[in-house]
Amino acid sequence: MKDIQSGFDRRNETIDKVGVKNLKYPIILQDRSTGIQSTVADIDFFVELPHHHRGTHMSRFIEVLNSFHREDIIDYLPRLLAAIKEKLLADRAFIKLRFPYFISKQAPVTSIESLMSYNCFFEASLTDEYQLTIGADVPVNTTCPCSKELSDYGAHNQRSIVSIAVTYQDFVWLEDIIEYAERVSSSQLYSLLKRPDEKYVTERAYEHPKFVEDIVRDLSILLKKDDRITTFKVSSENMESIHNHNAYASIEWQR
Amino acid sequence: MKDIQSGFDRRNETIDKVGVKNLKYPIILQDRSTGIQSTVADIDFFVELPHHHRGTHMSRFIEVLNSFHREDIIDYLPRLLAAIKEKLLADRAFIKLRFPYFISKQAPVTSIESLMSYNCFFEASLTDEYQLTIGADVPVNTTCPCSKELSDYGAHNQRSIVSIAVTYQDFVWLEDIIEYAERVSSSQLYSLLKRPDEKYVTERAYEHPKFVEDIVRDLSILLKKDDRITTFKVSSENMESIHNHNAYASIEWQR
Amino acid sequence: MKDIQSGFDRRNETIDKVGVKNLKYPIILQDRSTGIQSTVADIDFFVELPHHHRGTHMSRFIEVLNSFHREDIIDYLPRLLAAIKEKLLADRAFIKLRFPYFISKQAPVTSIESLMSYNCFFEASLTDEYQLTIGADVPVNTTCPCSKELSDYGAHNQRSIVSIAVTYQDFVWLEDIIEYAERVSSSQLYSLLKRPDEKYVTERAYEHPKFVEDIVRDLSILLKKDDRITTFKVSSENMESIHNHNAYASIEWQR
Amino acid sequence: MKDIQSGFDRRNETIDKVGVKNLKYPIILQDRSTGIQSTVADIDFFVELPHHHRGTHMSRFIEVLNSFHREDIIDYLPRLLAAIKEKLLADRAFIKLRFPYFISKQAPVTSIESLMSYNCFFEASLTDEYQLTIGADVPVNTTCPCSKELSDYGAHNQRSIVSIAVTYQDFVWLEDIIEYAERVSSSQLYSLLKRPDEKYVTERAYEHPKFVEDIVRDLSILLKKDDRITTFKVSSENMESIHNHNAYASIEWQR
C-alpha cells in the first residue's frame, strides 16, 4: 500500500509540532508515600517534522506508548521520547501528560485520613538534551486581607487554585511542590473534616489572610530557596466569593 | 435530487427527540430595565419524529430560526415552534436556549454601577399546548453556619451557584428569579465594589450564614408564595472553600 | 461542640437531594476481559433530607466511601448506599460515578491491540428497593446517507458520541452496551490503526451510512431484544463535519 | 478606611501579571460587512505589579472598562490600556478578550444565507509600545489523503479547528484570517445547506484531501505572502473520525 506520509514535500515548511492530542491512557507513577499509584492521563505527543516529509506516522506514537505503559512514567519518559524520535525520524519529540494525582491527608485536629486529588502534569521534550517540567494545580483557601481589615467581623474567603510548574536539577516530588503551595495559602483543603478540624481550618484561614499577590510572592521566595529547582512558573486564581470573576497573579523565574 | 430523509421507515421506532444541538446564534431579549438586550445563545431544537419517517430535515430548523431572529425571543418562541412543527411535519417541537444575561447593579454603599452576567435559559415545547420554563444560574456568597458557630473568629464562605427554573401562569422576568436567589443568599455578588462596599458585603455575609440546605428551603418558601409560579426546581452548589468538592442541595415542586 | 446540622428545622421543607458533588476518587471495577480495572471517578452522592432536620452531615459521605473503596464498586454500591442511609438517618440515598473505562481492542485487519477509553457511569439509589443504571458514551464514526446518495464520490462522516444508559434484571457488562453502540455505527473507532486497517474502516463506514435517526432506532431494536434489559435511554450526537453544530437524536423506553 | 493594597512591600518580588480573569462583558466590534456587531466577551486584564506595592486595586480594572464599553473595542484598546496603566500606577498592562463572532455566509450552490459563529480573540499589551494580536478558531472539514488513497471508495473526514493568531502592521480583519483558514481546508462549513449544497461540499472535500500537516503548511505560505502580517501562529486540530483522539499540527513564524 502506498505510504503517502513518507512522500517528499516541496513546500519547504518545517512543522514545529505535529502529533496526537487528548489520548486517554492509564499510567503508573511513583508515589512518595505508597510507592506506586495508578491513575489516568490525557496525553499529547508531538514531533518536529522536517520540511521535506509530507506527514508524520501518527500510529507510531501509540505503538511506542503501548510498549512502555506498564512501567513508572517518570522513569520511562526519556526512553519513550528517544523511541519516538527514532521511529518518526524526528529531531525533536515532546510529550505532555495531565492526570489526577491522589494524596492521603490527615485532618489537622482529628487526624482522620482522606484522599485529596490534585490535577498534575509532566511535560517533557528531547532534542539532544532531555527537559522535564512537572506541575500541579493545588486547590487552597485564600482569605482576603482587605476584607478582614475593613470589616468588624468575618472576611471573605474562597477556593483558589495555586498552580506550580518547575524544572529541577535534583529530583523533586509532586508532593513537594503541592506542599509548598499549601504552605503559602490561608489554609490547605481536605476531603474529610470533622467539627474540631473545621474550627481549626476556619480560624487558621482567618489568621493568615492572603491576596493572590501574597500567594505568588511567598511561593516565589520558597521556591528560589530550594536549590533543586532551576525554573518555575507560579500562579494563583481565586474564585472570588464577592465577585463573579476571578482574581489572578503569576510570577515566572529562572535561576 | 433524491430526498432520503422523506423515505418511509419500516422499523416502527418513534424518535423522542431529533434535531440540532449547540448552534450559536445572536438573540434579542426583553430587558426589565433597559427595554431590550442583545446577547448570544447556544440553541438546541428538536422534534418528535413519527415512526414512519426515515429522517428529519435538519436544515429547516435553521431556516425557521433565520426568519425570526430579529425579534424579541420570548415573544416569538410559540410561533417559532409552530413553524417548526409545520415545516417538519411533527407532532411536537422543543427548543432550549442558554445565554449570558446582563443586569446593571449598584454597589450596596457607594451605589457605583456595574454589569453582572448570569447564565440563563429558556426551554419551550409545543404539542397542542405551549410550555415554557425559564431559568437562571445565580452566583452568590454562602457563609457556613457551622463554621461560624464553631470558630472564635471568621467563617468559611465561598462562591455558590443558585439555580432556579420556573414555569409560570403570569409573566415572570429573569430579573425576578435572579432577585429571589440573591435575597436568600448570605450575600449577593457584584462586579465592582469599593472599600465601603466590601466591608458591607463581608459583614452582611457573616451575619447571614446559610447552608446549601437553607438556600433551597428559603427559596422554596419564597417561590411558593409567588402566585405567578406554577412549578420550580431550585438547587444550590457551593464551591466549598475548605474542600475540593462541592456541597449541593435541590428541591422540585409543583403547585 | 454544637452540632448545628442536627438541629430541628421548622420550615417544613423536605429536600429532595442534598450531598456532595464532584469528589474525585480512585475506584476498582470488574473488567470482563482482565478481571479487574483501576480508574478514577467523579462522584456525587446525595440523600433525601427529611423536613425536620436542619442539615446533613456531609463528612459522613466521605467516611462511608473511605470504608469501601478498595473493593469492586458494582459489588459494594448497595452496601454503600445502605450505610449512607443509616449514618445519615435518611429514607433515600443516591450515588453517581462517572469514570473513563478502558477496553483493549484489536485493529480489524492487522489485529494490533490498543486501548480505547469510554466515558462511563453508574447511577444507583436505595429507598427500600435498590436501583442501578449503567451507561457509556461510545465514540463512533457516522457517515451521512444523504451525502453519499447525492454525491458522485465521497460522503461526509464524523466522530459521533452514542450514549447508552440501561437498567437490567440480569447482569449486563459495560462492554456489552459498548459493543451494541459500536455495532450500529458506520464504523467503530480504534486508538491504533495501520494502513490496511484504515482502508477497512474507511470502506466499512462508506458501506454503512447512518443518520443519527438510524443509530438510535437500530440500537433501540437491539436493546429491546436483550431480555436482560428493562429500560434504556439512547442518544447519538454527531459532530457534523459540514456544520459547526451537532445533529442529535434520542429514544427512551421501558419494558 | 485603610488601603492595604497601597502598602509598601518588602519582599522584593515583582509580579509579572496580576488582575482579573473571566469577567463576562458585552462588547461592540467593527464588522467588515455590517459596520458593527454586538457580542459577549470573556475578559482577562492584568498589570505588572512593581515589587514595592503590596497589591493591585482590582476594582479599577472594572471602572476603566465601564468608562469605555459603548465604543468599538479595537479602537479603544490602546486608550483602555493607557488608562489602566495610569490608574494602577503600572509599567505594563495586558488585556485578552475571547468572544463569539458571527459572519453571514452564503451556501455554495443555492446561496441561502446563514450565520456562522467563530470563537475569536484580541490580546493586547501596552508598555511604551502597544502590541495587538488577533485570532480566530475556524471550524472546517478535513478529509484524510491517506484514507482516500488507500480505499476503493470513501475517505474519512471530520470537523477540525484551524486556529490562527496574527500581529500586523496594516489593519487585518478577523474576516480576513477566517477566510485564509477556510481556503486551505478540504471544505469550509456552513450553518445552512440544502441538498445541492451538501453535494457540492461533499465532493469538494473529497477532491481536496488535507492532512493537519497540509493545513498548517498551506496556511503558513498564504500568511507569509500577506505583507500586512508580521507574526503568526497557526494550528489545526482534527477531531479524527476513525480515532477517539485528535491529530494536531502547528507552525509559528515572525517576519
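For reference, chains read A, B, C and D in written order, and residue numbers begin at 1 within each chain.
Definition applied: contacts are C-beta pairs under 8 Å (C-beta built on N, C-alpha and C of every residue); 3 or more make two chains touch, one makes a residue touch a chain.
These numbers were taken from a predicted model, which means no experiment stands behind them.
J.: Could you tell me which chains make contact with chain A and chain C both?
T.: Output, common partners of chain A and chain C: B, D.
J.: Which neighbours does chain A have in common with chain B?
T.: Both chain A and chain B are touched by C, D, going by the contact rule given at the top.
J.: Compared with chain B, which chain's mean CA position is the farthest off?
T.: Most remote chain from chain B, centroid-wise, comes out as A.
J.: Taking each chain's centre as its mean C-alpha position, how far apart are chain B and chain D in Å?
T.: 28
J.: Find the geometric centre of each of chain B and chain C from their Cα atoms only, then give the gap between the two centres in Å, rounded to an integer.
T.: Chain B and chain C have C-alpha centres separated by 26 Å.
J.: Can you check how far apart chain C and chain D are, centre to centre, with Cα atoms defining each centre and the answer in Å?
T.: Chain centroid spacing, chain C to chain D, equals 34 Å.
J.: Spell out, as numbers or ranges, the residues of chain B touching 2 or more other chains.
T.: Each of 1, 23-24, 117, 146, 150, 191, 193, 195, 199, 244-245 in chain B touches at least two other chains.
J.: Hey, how would you classify the chain contact layout here, line, ring, star, complete or other?
T.: If you draw each chain as a dot and join those that touch, every dot ends up joined to every other.
J.: If we count contacts the way the header does, which residues on chain C are in touch with chain D in the complex?
T.: 116-117, 139, 141, 143, 146-147, 150-159, 187, 189-191, 193, 195, 198-199, 201-203, 205-206, 239-245
J.: Residue numbers of chain C touching chain B in their complex, please.
T.: Touching chain B from chain C are residues 1-2, 4-5, 9, 11, 13-24, 44, 46, 49, 54-56, 58, 145-146, 149-150, 211-214, 216-218, 220-221, 237, 244-252.
J.: Where on chain D is chain B touching in the complex?
T.: Going by the criterion above, the answer is residues 1, 3, 23-26, 38-40, 59, 62-63, 66, 100, 102, 112-115, 117, 191-196, 199.
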